[in-house]
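Note that chain A is present in both complexes that follow, paired respectively with chain B and with chain C.
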Partner chain A sequence: MTGFWRRHSIHGITGLLLLPAILCFFGLFFYPMLLTIVLSFRPEGQAVGWTLENYTRFLASPDGRWVILLTFILAVGSTALSVLLSVPLALTLREKIRGHRFYRLMVIVPLVVPGLIGALGLLLFWGTRGWFNLFLTQFVPFLPSPLRVNYTIHGLILFYVWLYFPYTCVTTMSALESLDQSIEEAGAVVGANRWQVLRYIVLPLITPGILAGSVLTFMAAFGAFSVPLIAGGDYRPLAVEIYKEISIPIPARWSAASAIAIVMGILQVAFLAMYMRIVRRAGGNAGAVR
Partner chain B sequence: MTLLKAYLRGLREGWFVLGYTLCVCLSVFILAPFLMIALRSVGKGWFGKLWLPPQLTWDWYRWAIEVGNIPEVMKNTLIIGVIAVAVSTVIGIFAGWAFGRRQLPGKELLMAIVLLPRMIPPITYALGVAKIFYTLELVDTHLGVALAHVSVCAPFAILVLSATFEGLDERVLEAASVCGANTVKRFFYVVLPLIMPGILASMLFSFTHSYNEFTLTLLTYGPNTVTLPVRTYLAVGDGYWEITSAMAVIMVVPSLAILAMIQRRAKPEKLVGGFKGV
Partner chain C sequence: MSDAMIEFREVTKRYAGLVANDRLSLTIRRGELMTLLGPSGCGKTTALRCLTGTIRPDAGRILLDGRDVTEVATHQRELGMVFQNFALFPHMTVRDNVGFPLMIRNLRKEARATRVQEALRLVRLEGYAEHYPRQLSGGQQQRVGLARALVYRPKVLLLDEPLSNLDAKLREEMRFEIKEVVTRLGITAMYVTHDQAEALALSDRVAIMNRGRLQQLGTPEEIYETPNSRFVAEFIGLSNFLEGRVASVRGATMTVTASGLSIHTPSLPEVAPGHKVLLFVRPNEIEILPAATPADTNVFPARVEKTTYLGDTMDYRLMLGEGVELRVQADARHRYGAGESVRLRWPRVRSWRANEE
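The block that comes next holds the complex of A and B.
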């Protein structure tokens, strides 16, 4: 029995070392999460009693379902666009073209800069009086009125891509860097042209990297808050909807907000689990190619 | 045959040109918003179809500093950032030591649990954090806001420092012991210099996250703890784009300084990472 415990328990000092992290996790994540769950089952504004009304009201209303759908459209759209942008970019930056250091720096700029500032600049740039529309109206013929980008769904997707594509791009670049050059050379030796090497050797091998990066982009886009808050207009994804519930009505509707938050958390975890399975399968295929 | 070769070479150069165009377009896509903000913050009377502002002025900065109370806000942001970085680095060093250097049953599972806050949208637990802080009266205190930031910064610190401690070579420590260093000496003269780059990287990333953190701040701030992101958000709500732009420029300068440091000292992959083992 003592042998069992010696093998399967955390030693005293190790436990002490882990204590701050565990405390932080429980105090700042687990307990708040639990509180949110409890709150979501309470009748609005009361500390006792149990009810499912907060969930049924949100899920049964067409508005609620539209909010969920919108969040998915935005997240999936921006993830797909990020992959389409990142893969060619990573392949280009792999060749040491002139100024590649500068372009690499460009890729990580949105990661470091506050999202709010990015959204503000994007609103200014893509607005009806911004440079984008100035360019369109002055240099593109047959375009009578400026294009509306701000406060539309495609505009939001574009903003998300600006802010969240670095996750996909950086992961793809590091997957490409760790790729063994000799495999490609072997492909070229047996007579594959550049396109075939890319299509049948490089892409399958970096697919796990691309997918892992796109998970990060998807999750960031799914939980995005600051950008849709100031650049969303009438389009309010889940995170903004939660904030509206506690900031606009008086008194604040904490239970309704908590119910939406729990729905959002469950959706995210479910999607993450699905995505991880896909990633694992893709990883297995890549192993078979190797 | 030569025609085919020329065609292939042309195709290859075509790809090259295409790739280069992509890079240039990306740079414009990334940088143009900042240029717009910078110009907006110094421009005056910039209406209609003009590419550049007709007059330049520093007035918006003066307004931002006086009306927006930027020095006070900057002080708040820095105090909160320093507390958050200190707490999460201490947590990270301890947990990193445990994860990287000690026998741990169920290590993968523990790591996944510690990293869980990164997988859930912050707003979901921000609600609970705000509720708790209201009852503990931590709302609108520097410590409270900083503690809320720790929930975002600590997983990063743990991740970076675990990797650092794992990379520490056991033989070096043994060599130090053989040469007669006791535990304390060994820690300060051997271990600390070796893990210093990791600690610096973890501090940089934690500070970036605290500096940029908006969701948790918005739910726990008060009149005395307005941070730069929240101030900018409030200014956007007021609708004065010029003053907001001036604030944004003030806010973005430290971010760019951090970017330069990250570029020089640490790998950008770490800024993203955290999901390889999950």
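The block that comes next holds the complex of A and C.
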């Protein structure tokens, strides 16, 4: 122990310089986190006492379990769709087609547009009287009624994909970029056609990149707040549920909200750990791309 | 059956105004190992890529075993290729790498296993079937590349600077190994390199390329002994050049005056006194003799300027006559020091008409 402190001792000016950072870290990260944990075990509205009721009430109720399931459905669905969208898109944009630079830029637009604005735009576009349905009713005969997209679960997944697929797409594109062209050439020379090169060489080699990117999409979708808040309707994933607990009831139910937040955090960390293990296994063999 | 296995017919390829292949015509015979040799940018890689189908020539035809393949897709050309950076599939074991061409051709599992085993035996890597490429040394990786290129018995083996990513000692070893494998299989091979030593050691014939064109084509001996231009002479081996004018022609011999020296050399066809010629002599073809040596034909006084010890030989820089610097490589057993006066004997001098350049 003393050895550790001697080796890592912070002395004099270094310690002084580090102090603001350390204070910030404790003040902005540790303290709120600790407070949330403590609150989640307090009986609602009380400053003393310990209880598990906040957790049991949430986890035991059908509503609570539905919220967790819904959050997973939204995150998994949008991640899967993002991958299905990203791979062909990245493959297309790799070819030096006319304006590929512009299209590449367009891919990251959703990342720079604030989620709220993006969601509002999407609501307007997909609404029963939005452009999408205007187009449908104009050009598709025998359409009984406008398609409902807004405030449905598939609509919400669509919005998520729009907002969060750039993470997957950008990493897929960079994985493709770093692929050694001569490896593909080698495949073609020994007799593999384009499809076979894609299937046996390109896809296995970029899979680690795709997975790494999709975990970002998944995490963003899992923690999504503003989009489901304004575009989710009755579909409230975990983040919205937490917000609901502190914004609707009077007085606000801080302990219930804290318990849900802790559940959400644990799920997120557990999922991330599981995912990283899968990614590492998938990437194990392709990791040494020259 | 025609004797030609690979034929370039007037192949032209331009890149944004730059001519990479300028009406290149070249025939590689069945069972021959031909080297395309040249400095970078000479068009040898472009020629290779036209042959693999990675790029399409702007004009001209490419024939493989008598069949016009100019419009045929890469994967249908039945080629085997070894790459400079090995280009192994990093996510596959050695077995799967070598078996890949067979898998693509829907060969049955048992037949595949036998052929893979055969190919690995050919390159002496039987014990490494379950290894991944990254677990192998550079030389081993290149041998896997060779096995993968040969496993489906292609008509033609292409080698794109296969040794330039290996260290010097391994390079020499692999050079013999490639030569041996190619000879044993009797396969037609096209070897692209910028390394003249490799070209001389490996090839049945060497094609020297310069600025997108074929500069000279011949056996290694022909290329080294009778280079047809200054470019070839400079590229293959070391050379000394002297510009001069023909003083007189007497039958098979002519006398050339260069830098105040009178040099006797075999005469050139249709040469007359007054013509400009370029004389050329290899550093190891000049003998260094003691200063007391009596004057004779093609014996000239010189002074040693600089010496470099190269182990088995000494490398001399000498000053000859009116400020002409010469490079000579001679046996290291008799040494001459810097500043020493010596005589040089040129038993053999070759020449070209100078306007030919």
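Keep in mind that, in the parts below, the second predicted complex is superposed on the first by the 262 of 290 C-alpha atoms of A that agree within 3 Å, B and C clash if a C-alpha of one lies under 4 Å from a C-alpha of the other, contacts with A are read in each partner's own complex, and residues count from 1 in each chain.
By definition in this document, contacts are C-beta pairs under 8 Å (C-beta built on N, C-alpha and C of every residue); 3 or more make two chains touch, one makes a residue touch a chain.
This one's a predicted model, so the numbers in the text were calculated from it and none came from an experiment.
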item: Clash or fit, chain B versus chain C on superposed chain A; value: fit
item: Partner chain(s) touched by A:Pro204 [first = chain B, second = chain C, both, neither]; value: second
item: Contacts of A:Leu52 with chain B and chain C, given as first, second, both or neither; value: neither
item: Partner chain in contact with A:Ile262 - chain B first, chain C second, else both or neither; value: first
item: Contacts of A:Leu69 with chain B and chain C, given as first, second, both or neither; value: neither
item: Which of chain B and chain C A:Ala212 touches, first, second, both or neither; value: first
item: Touching partner for A:Pro110 - first (chain B), second (chain C), both, neither; value: first
item: Angle at the Cα centre of chain A, taken between the Cα centres of chain B and chain C once the superposition is applied, in steps of 10 degrees; value: 80
item: Comparing the two partners chain B and chain C, which touches a greater set of residues in chain A; value: B
item: Touched partner set for A:Met274, first chain B, second chain C, both or neither; value: neither
item: Where chain B and chain C come nearest after superposition, their Cα distance in Å; value: 8
item: Contact residues of chain A, present in both the chain B and the chain C interface; value: none
item: Residue numbers on chain A that touch chain C, as the complex places them; value: 180, 182-183, 185-193, 196, 200-201, 204-205, 285-286, 288-290
item: Residue numbers on chain B that touch chain A, as the complex places them; value: 12, 16, 19-20, 22-23, 26-27, 29-34, 36-37, 40, 47-49, 51, 87, 90-91, 94-95, 97-98, 102-105, 110, 113-114, 116-117, 119-129, 131-132, 147-148, 150-151, 154, 158, 208, 211-212, 214-215, 218-219, 228-229, 232-233, 236, 241, 244-245, 248, 251-252, 255-256, 258-259, 262-263, 268-269, 271-272, 275-276, 278
item: Of chain C, residues touching chain A in the complex; value: 52-54, 73-81, 83-91, 100-101, 103-105, 132-134, 148-149, 152, 158
item: Touching residues (chain side chain A, partner chain B) in the complex; value: 7-11, 13-14, 16-21, 24-25, 28-29, 31-36, 39, 85, 88-89, 91-93, 95, 97, 99, 102-118, 120-122, 124-125, 129-132, 134, 137-138, 162, 166-167, 170-171, 174, 194, 212-213, 215-216, 219, 222-223, 225-226, 229-230, 238-239, 242-243, 246, 254, 257-258, 261-262, 264-265, 268-269, 272, 276
